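Shared between the two complexes below is subunit A, which pairs with subunit B and subunit C, respectively.
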Partner chain A sequence: MIRKKVVMIGDFGVGKTSLIRRYVDNAFDDSYLATIGVKISRKALHLEDMECELLIWDTEGSSPIKGLPYSYFKGASGAIFVCDVTRDETVNHLNEHINTFLMLNNAAKHVLAYNKADLLPFHQQETLRQSLPGNAFLTSAKEDVDVDLLFSILAKEMLL
Partner chain B sequence: MNQDRRILNAILSKDIFDYVLVDKAFRITAASQGVERYLSSQPKVGDDAFVYLPELVGNEEEVLQVFSRKYSLFTLESVEKNNYYVNLSVEYFDEKQAMILFHNITVMTLARQGIMQKSNEATLLHTMLQKIIDSLSSLLFVVDRKGEIAFANQRYREYFGGDKNVHLYRYIGRGLDDYDALCTYLGDKEVPVEMGDDTFMVQAIQIESMYQLFTLSRVTTIVRENFHLSQELQYDSLTGVYRKKFFDERLEQLLKNGEPFVLVVVDIDNFKSINDTYGHTLGDEILREFTYVIKGCLRKNDLIARWGGEEFVFALRTNEIDDAMTRMEALRKKIARHTFPKVNHLTASIGISWNTHCPCETAESILRRADTAMYVAKNEGKNRVQLAPKETCREMCS
Partner chain C sequence: MGDELVQLDRLEKQVAALRLEGEDTALLAQKVLSVFDDLFLQKLQEKDSRTLAILSRYIAEVIERSAQTHLPELSHALQQVISPAIARGIRENKEKMVDALYPVIGSLVSKYVSQSFKELLDRINSRIERGLTPGHYKRKLKSKVTGVSETELIMEESVKAAVSSLLVIHKESGLLIAEAHKADRAIGDVHMVASMASAIKDFVNDWIRKHSKTVSEVEILSYGNATLYIESAGSVYLVAFLDAEPDAQQRMRINRFFARLIEKYQHFFQQFDGDDSVPKIAEVSNTLTHFLEKEAKRFQGEAESPLQQRGIKILSVVLVILMFGYGYRFARHQYRAYYLEHLVAQKTGQHIVLDDDGDRVYLRGNVDSLRAHRAVMKLIKRELDVPVTDALHLPLGVTDQLFSDLQQKLKDHIPGDIRALREQLQALRVEADTQLASISAAMVRQEGNRRPENQQGIDPHDSNLSQLMLHMARALKALKNLEIRVQSLEALSDSNRAGTLLSPTTKGSQGKSEYNLESIRRKNQTIHKEAQ
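This part shows the complex of A and B:
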């Protein structure tokens, strides 16, 4: 069994926990409960006859009074950087988060989740989707938009 | 049982610590009884440690270093395991085993989580309020008790740049020398203030005793539009003199204030034939030229309006009828001498009336008498100045 550590990274309240809940349990809860520390969820995958398990680290989000929890990043094979498309500051912080993570794990793969797409009008979703780089996905944990795709693309990047 | 194990058991009995021992192949060699609550089931000797402790995946190298270095330590803080929060630390146990210690910090962590939850919610609310305040079209700033600007929204920062010493109170022009004075002066009113090319409406709100909130709503466009609108309402677009409606208002005001004036009605003779012969474009040109000529004979404080068509009305600011008569006679001659385009010469008939100070006198009655006098001038051969007939008060009021 191949096990890979994947870290969810982003500002607080962007939907990291919700993306994991949607991906692992296919569930969603609208209420916000701040994540503290780290919680690891598992997801078994079959990739080209390969049995593997993603160990998804749901880390607490950074905030103006608390930075990124670097201690959880070590040894990660992949990372998902998450922002909230309705909060510009969370989008603006993505590059900073990516640089910090890659300094600790320069061989790790990563993808970007522009989450809470359901809160944007349809035409804005389309415009934003077209402007995103190749490793970025417009996601909605609430409406289950491209969540599986996000994780499976990262898994393939890490394993194949 | 050695001394270390006794100490360890004493600690474990407090229900705060539990442990798992693993070998270098990450197989479990022993575990405390209480560890089951974190791992869902009690691990057995020989089990794969990664199944119970996925936290070790990716950190294998750090863990293996513990076996060879007695004082090295690998730790992970605040890990949620089965609804408990634990600090995990991997420590040297002996040459073949490492001890993974579970330190139960659930109570403390849940308290921290509550604080973090409130803090994050407050940050979200603060950010949202900041965005709302920044999106307001008004310039907004808050002054503290020291008279210093403690907060300014984005519009304010954009308008004044980095300048925090704008001293708004100086623009009011009332000799105000601080924000307290400005706040008192404004009260609950909105007051206009001009700053550079812009006009703002300024309002102050006292926030408890600590802060004063000032809002500046830019009304430059409205002020300009109002100006243009009032210009359009007041002035005849063809000749540039007052419209009759505005003239009437001013006349009523003169009458009400008891200010002296003599009223004059002027009508261009045979103007209809000019329009019929040369067209309205030339007619308009002549009206503009005619206005130019008559304005040259009026004084600065006299009022002039176009009544309509080719008829004009003046209020000469004098109570001397003879003086008015002389000036209008001079105007008549000037009109007759002036060379107008295409038609060359024109004449005008002029009627004059005045305020009789009779109780039933109105602006309308004075105007009517001047108009009648002008028609008398027309009927008596045109190109004349005609005084309105004298009427007794009884005749007028009957």
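This part shows the complex of A and C:
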């Protein structure tokens, strides 16, 4: 079995923990509990007859001002950068998060999750979806929109 | 009249409207609801007995039904109440709370403490049972040198940490590379544990570096009885799970093992990509397992290095040989003493005690008479070829009798003996004078017959003269011996008269040691006085 470390990175309250909960447990909870430090989850999956397991590090919310928990990023094979589509500043911080992460792990793969899509009107969702780059996904942990896809694409990028 | 009819009509309409409102339950509820809270509060504040009765009747039912249908919500709601309620209950009704909780918590604590003591006792017992081990003697020596009691040392050893698991973790990713566990101590979800250990270590290291501005690594993580000893290298780190904090020696052993592991597998560790199906993983795991087993044996006090084992075996054989030799010698001496005691008893009827230390035999005890003493000594000297120390005691009566006999003997015989000896002495003197005269005459004759060329004096080859000189020498020697004997007898006689017999160092006329009767007599008197 091949195991890979995946890091979830993003500002406070963008839904990193909710995405993991949806992906690993297929569950969602509206209440917000801030992650302190890091929480680790794992998910086994099959990729073209290959047994693999993702060890997903759910880091606490960060921002360029507060600083990023660099030591948690080290050794990650992949990262999911998460923002809240209803909060512009979280979207704006994405590039900075990505640059910081890639400085530490230049060979690592990454995808972007524009989360909380359920809070946007349908037509705005469609417009936004069409404007996103190839490695970005409009997701909703609450309504289970493209969460599996997000992780699967990253896993394929890392392992295949 | 007309006005009255109008009013009547209005009233009728109002009544009809009221009837309609009364039938419209929703409207009625809406109206009642707006004032219900106030009315209900008023009822509660007034402590209306009927209201309280209704509430107390249904509240338990409501909670029970909620527990069945909305358990998460109910537990969430109660969670916020129960903790403060318990805190208040303990504060205000401490004794009641203690009484309520004691049967549960008390037995739990008791069970935990009993279990812990049992484990500790088992460890101590197993150490005591393995008493004849090098560790046992080492502990005894340490106890003597340091002054710390052996029990305390055993206790200290008993709480030493046993390594239950070993994990080799990739430093950057926190991915588990290899693992080994004791048979009954496997860790569930070990990959998660490895990642979390890595995260905690990273967090602590970050914090230390941020606040103390020093570069250092966390080494020990403890939680309850579990301790994680972490030793870091370049690309990996080793986590040892222990029951207690490891001592310096144990750390050193773990570090040495880890250094050997790094030396052997450093390239593999550096290139590790999360794939645990490569054969080297199993190889590393086997190495970890081997070390774990070795540690477990060491913890049980059984393991020693091959060199130590060989040394201990050789030492044991030498000790056994020495002990056997000493035992044989001791047994031989004991048997000899036993045999001689019985032989003496059989032959002389005297019951004496023999102490045989191999180089010398000590005789102790009492003998009945001087004769018995002589017989015992004769028998012992015949049987033994080692020096004998005579510490036998004679009875007081015997020595007194012996003393008076000797005194009487001296009184009766010595004067006669002295007279006879004096006569002999006189005869010998006469004979010596005769011989001297003969020799003088012979010498005169020889002087007359001597040739002038012979200037050397008396011819020693003259046979007559030689015989005469020989007789003369014998007579002088006999005379001398006789004089000595006469003098000693005279001295003995004088001592007898004065009441002091032979001194302890005096020897008899024949040069043999005689019994120091005076000292024997005094010693026996002292012994008898002490006995009384």
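Everything that follows uses one rule, which is that the second predicted complex is superposed on the first by the 157 of 160 C-alpha atoms of A that agree within 3 Å, B and C clash if a C-alpha of one lies under 4 Å from a C-alpha of the other, contacts with A are read in each partner's own complex, and residues count from 1 in each chain.
By definition in this document, contacts are C-beta pairs under 8 Å (C-beta built on N, C-alpha and C of every residue); 3 or more make two chains touch, one makes a residue touch a chain.
All figures in this text were calculated on a predicted structure; none of them were measured in a lab.
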item	value
When subunit B and subunit C are modelled together on subunit A, clash or fit	clash
Which of subunit B and subunit C A:Leu55 touches, first, second, both or neither	both
Partner chain in contact with A:Gly37 - subunit B first, subunit C second, else both or neither	both
Which superposed partner A:Gly13 touches (first subunit B, second subunit C, both, neither)	first
Touched partner set for A:Asp148, first subunit B, second subunit C, both or neither	neither
Touched partner set for A:Ser77, first subunit B, second subunit C, both or neither	both
First (subunit B), second (subunit C), both or neither touched by A:Glu96	neither
Residues on subunit A lying within both footprints (that of subunit B and that of subunit C)	3-5, 37-38, 40, 42, 55, 71-72, 74-77
Subunit A partner contacts - residues on subunit B that touch it in the complex	50, 54-55, 57-62, 76-80, 85, 109, 112-113, 116-117, 119-121, 123-124, 127
Residues on subunit A engaged by subunit B in the complex (per definition of touch)	3-5, 12-13, 32-34, 36-40, 42, 55, 60-61, 63-66, 71-72, 74-77, 87, 89
Interfacial residue positions of subunit C with respect to subunit A in the complex	170-176, 191-192, 195-196, 199, 202-203, 205-206, 273-277
Subunit A - residues contacting subunit C, complex	1-5, 37-38, 40, 42, 53, 55, 57, 69-72, 74-77
